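By written order: A, B and C. Residues from 1 in each chain.
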Amino acid sequence: MVKRSTWSLPYLIFMVMFVVLPLLLIVLYAFQDGSGHFTLSNITRFFTDSDSLSTFAVSVEVAIENTLICVLLGYPAAWILANRKLNRSAVTVVLFIMPMWINALMRTLATAELFNMLGFTLGKGTLLFGMVYDYLPFMIYPIYNTLMKMDNSYAEAAEDLGAAPWTVFWKVTVPLSLPGVMSGVLMVFMPTVSTFAISEFLTNNKIKLFGTIIQENINSSMWNYGAALAFIMLIIIGITSFFGESRQDEAEGGLI
Amino acid sequence: MTNDYIIDIQHLSKSFGDVKVLDDINFYVRRGEFVTLLGPSGCGKTTLLRQIAGFIAPDEGRILLEGKDISGIPPYKRPLNTVFQRYALFPHLDVFDNVAFGLKLQNVPAKEIEVRVKKMLKMVSMSDYEDRSVDSLSGGQQQRVAIARALVNYPKVLLLDEPLAALDLKMRKDMQMELKEIHRKMGITFIYVTHDQEEALTLSDTIVVLNEGRIQQIGTPADIYNEPVNSFVADFIGDSTILNGTMICDRRVEFMGHEFDCVDEGFGENVPVDVVVRPEDVYIMNQLEGAQFSGVVQSCIFKGVHYEMFVETDKGYELMVQDYNSFEPGSTVGLLIRPSDIQVMRKERTCNTLEAEVEDDKHVNMLGCSWECEVPSEFAPGDKVLAEVAFDKVDLWDNQADGKLGGEVHFLLYKGNHYHLTVLTDDGDHLWVDTNDIWDKGDLVGIDIAPSDIKLRRRDG
Amino acid sequence: MKKVLAKCYIWLLLAMLYAPLLFIAIFSFTESRVLGNWTGFSTKLYTNLFSGGMNGGPSLLAAVENTLLIALIAAVFSTILGTVAAIGIFNLKGRKRQAMQFLNNIPMINPDIITGVSLFLLFVFLKFSQGYVTVILAHITFCTPYVVLSVMPKLSQMNPNIYEAALDLGATPGVALRKVLIPELRPGMISGFIMAFTMSLDDFAVTFFTRGTIGLDTLSTYIYTDARKGGLTPELRPLMTLIFLLVLVLLIIINIRRAKSDNIAK
């Protein structure tokens, strides 16, 4: 009989072909010049070009701000939704999840048009507002999930040991829901840095994010520099997801 | 009040939706006592404990702690602590911080916290584990930490919700001994919830037996075991054979087709009763000489210390017998039961008594539907009457659709030569049924009653 | 009091979230080419949308068609590949299993733009001409991990003996697979399929980089190019409104059915 473990082979081949190899190609192109020779100039160009650097800084700033706002707005919402005393209807939960199912470009476009009609100048403010619109559900959902799955007996145990409701919230509920917050952050932060269409719509292309300059370079056939920028982003992803994951494992392991 | 009751529970009732989980519960706990709430799952024991802890508010009744009503006080202000069923240790804190959690909230100075936590961890033999994360601990170790976390606050009462249920048998036995020891050392009152009758008998000073939201019996382990007040308690605690009998007169009872001397008095003459015989109280011997009755051994199984045998008696009843000697299946044996080992209990009911309403001269309405029956001429349509149906006159069918209404077998009791079932109808009414057919708990049945078996009588008052 | 505050907060957030969608929905019932300019009630945009008689010509409808077709094909292939892969990975041990799971995570952690750019470079490198095939391959790449993730829990929930029981009762491995294994995995496969389908529908960046220059448009890329050209095709408004309603109805039906089955389970 054929061993069932061999069934993973087709997928392995597929993944090597369409995931590993393409990522290696990013690295390859990042360290090549137009004629295929090894060079570091693409990388050094990024670190010496003030435009690229400032775009990068703006992206990270916007991403941090967006993530923070999403946590601050989303956590209370998730907490209320998961609280049986305050919310009994599944419909409100569905209403919060629903935007996740609708094409992000469509939603962003609608938001931008609304801003236009209301007469707001498109810029940093509208960008942040729009980003929060787009990503808030992605923050609320994982937090809501962790809170729903959380065993009520932890809160009861804390109360039993003398913790008033507010103390229970800060000392037990919040620490135990951190894995949910972490995955929310991962779902919001990296996409914010890397998005291009959304920022273009929301600022009328006034503010460029990191994703936009990657897109522009690739589209204007400057593959090597585009690949170098993508390579830099890959490194950031590697670092954040490494930190995110190790912390998540710790907290999640604790939940079981 | 100057009694020494640390907890006094008065007329406590609680319903979840239409289901009455607790019905007029009354009992008290003395200072320093080890009290166990014992009952099958769903009997309301955990609900009762959670009301004492403050997680559920009672619908009616009061809970007094040292004479003061604590019903309206939230759990975090009650000087009680709980050991939860699945421990509920905080996964984000290590062992030390888990135990220190309550003390920190009371703003106890750090030095004192350190001393008390260490002392408590030492008491539960977990001294070396202070810095360990709780999920690296085994079930038994987590249990110890949970106990330390509750006791370190010196609660007036420690509430334990099936704390040993998740442990394996050997660990459970060890922890039972340790719990008993901790109780002795600390002198704190324990209220302990379990469904394990052996655990209750081992640990408790007093046992409160609960079933279907009502207290069945309160007593010491010996009381409960030796003198169960009804067939539920007798069946739930230990092994026993429960039989229908008749109290002929004081100190004389008839069951299994024979008359026996007993020690019970005051039942009246020729009164139907339930009789409990513990299997270890039946004397079994090879000769018939000196025996009260005889029987044929049906099966014999070695149980480690004793043999367990089922004997068919000369009048066709099945009796469970335990003895240190084995008897060959098929052999005829003599049997004897001493007067003091016969436990006679008043029957809770001798037939089904149902509230009914006369519809016309041929029909009554009861149990939520219309039944054909012989309506005596003294009753007019619309009269509210009582219908009596003998236990053995209720017919049960395999298929719910075959009966007039559907029901579920809720509880069953083997009475030597037939089964006595409690059937819960679809509308939530109880029917008691004697049958020779074999049913299991949870079986869905169709219920039918022949017209001639419904006897109507006037309601009192 | 607390309850009122909580409710207010929730509904305020929802109002914020839905304002743009409502805005679009309202202005789908007027003819004006400029958004926000109400020129009286009309369903002309709706009839335009379906008759194809609009400025953008039939390209909007074609984009919708492409989107659905690509999503369907990608979801079917992902479900097959992902289910087979999940069974394989589940039967791997130790390091190998960890490695496969790590590999499976990469496309999910990667932002769309990285997936898009890297696949773009792959097709350029292999001199593979870009079009339907590359878009579908790309979609399978980022959809399959979700199928694997939804099938895996079903495998671990499954009693490992039931497959052996089937063999013991005389089923050949093939029959046991069809009659025992697949039915057990079906719920996971279905939710994986739905995930894959919606991920594909939702995608913009990956399609954008792998569609090549043959003029292939999905709804997302259509909207993007349209918006960059300046004006927004007015017929997009009724389309968005319809999609919005469809998703809402679907979600409500799913939730009601789930609530019902929960009740029955009780």
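Methods note: a residue touches a chain if its C-beta (ideal position, glycine included) is under 8 Å from a C-beta of that chain, and two chains touch if they have at least 3 such contacts.
Quick caveat: nothing in here was measured; it's all calculated off a predicted structure.
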Steps in the shortest chain-to-chain touch route ending at chain B and beginning at chain A: 1
Which two chains share the largest set of C-beta contact pairs: A-C
Where chain B and chain C are represented by their mean Cα positions, the distance between them in whole Å: 54
Computed distance of Cα centres, chain C from chain A, in Å: 18
Shared interface positions of chain A, touching two or more other chains: none
Chain A-facing residues of chain C, complex: 2-3, 6-7, 9-10, 13-14, 16-21, 23-24, 35-36, 81-82, 84-85, 87-89, 91-93, 96, 100, 103-104, 106-107, 109-115, 117-122, 124-125, 137-138, 140-141, 144, 148, 173, 198, 201-202, 204-205, 208-209, 219-220, 223-224, 227-228, 232, 236, 240, 243-244, 247-248, 251-252, 255, 259
Touching residues on chain B, where the partner in the complex is chain A: 53-55, 74-77, 80-82, 84-86, 88-92, 101-102, 105-106, 133-135, 149-150, 153
Parts of chain A lying in touch with chain B, wherever the complex brings them together: 151, 153-154, 156-165, 167-168, 171-172, 175-176, 178, 251, 253-256
Footprint of chain C on chain A - complex, ascending: 1, 3-12, 14-15, 18-23, 25-26, 29, 73, 76-77, 80-81, 83, 85-87, 90-92, 94-99, 101-107, 109-111, 113-114, 116-117, 133, 136-137, 186, 190-191, 193-197, 200-201, 211, 214-215, 218, 223, 226-227, 230, 233-234, 237, 241
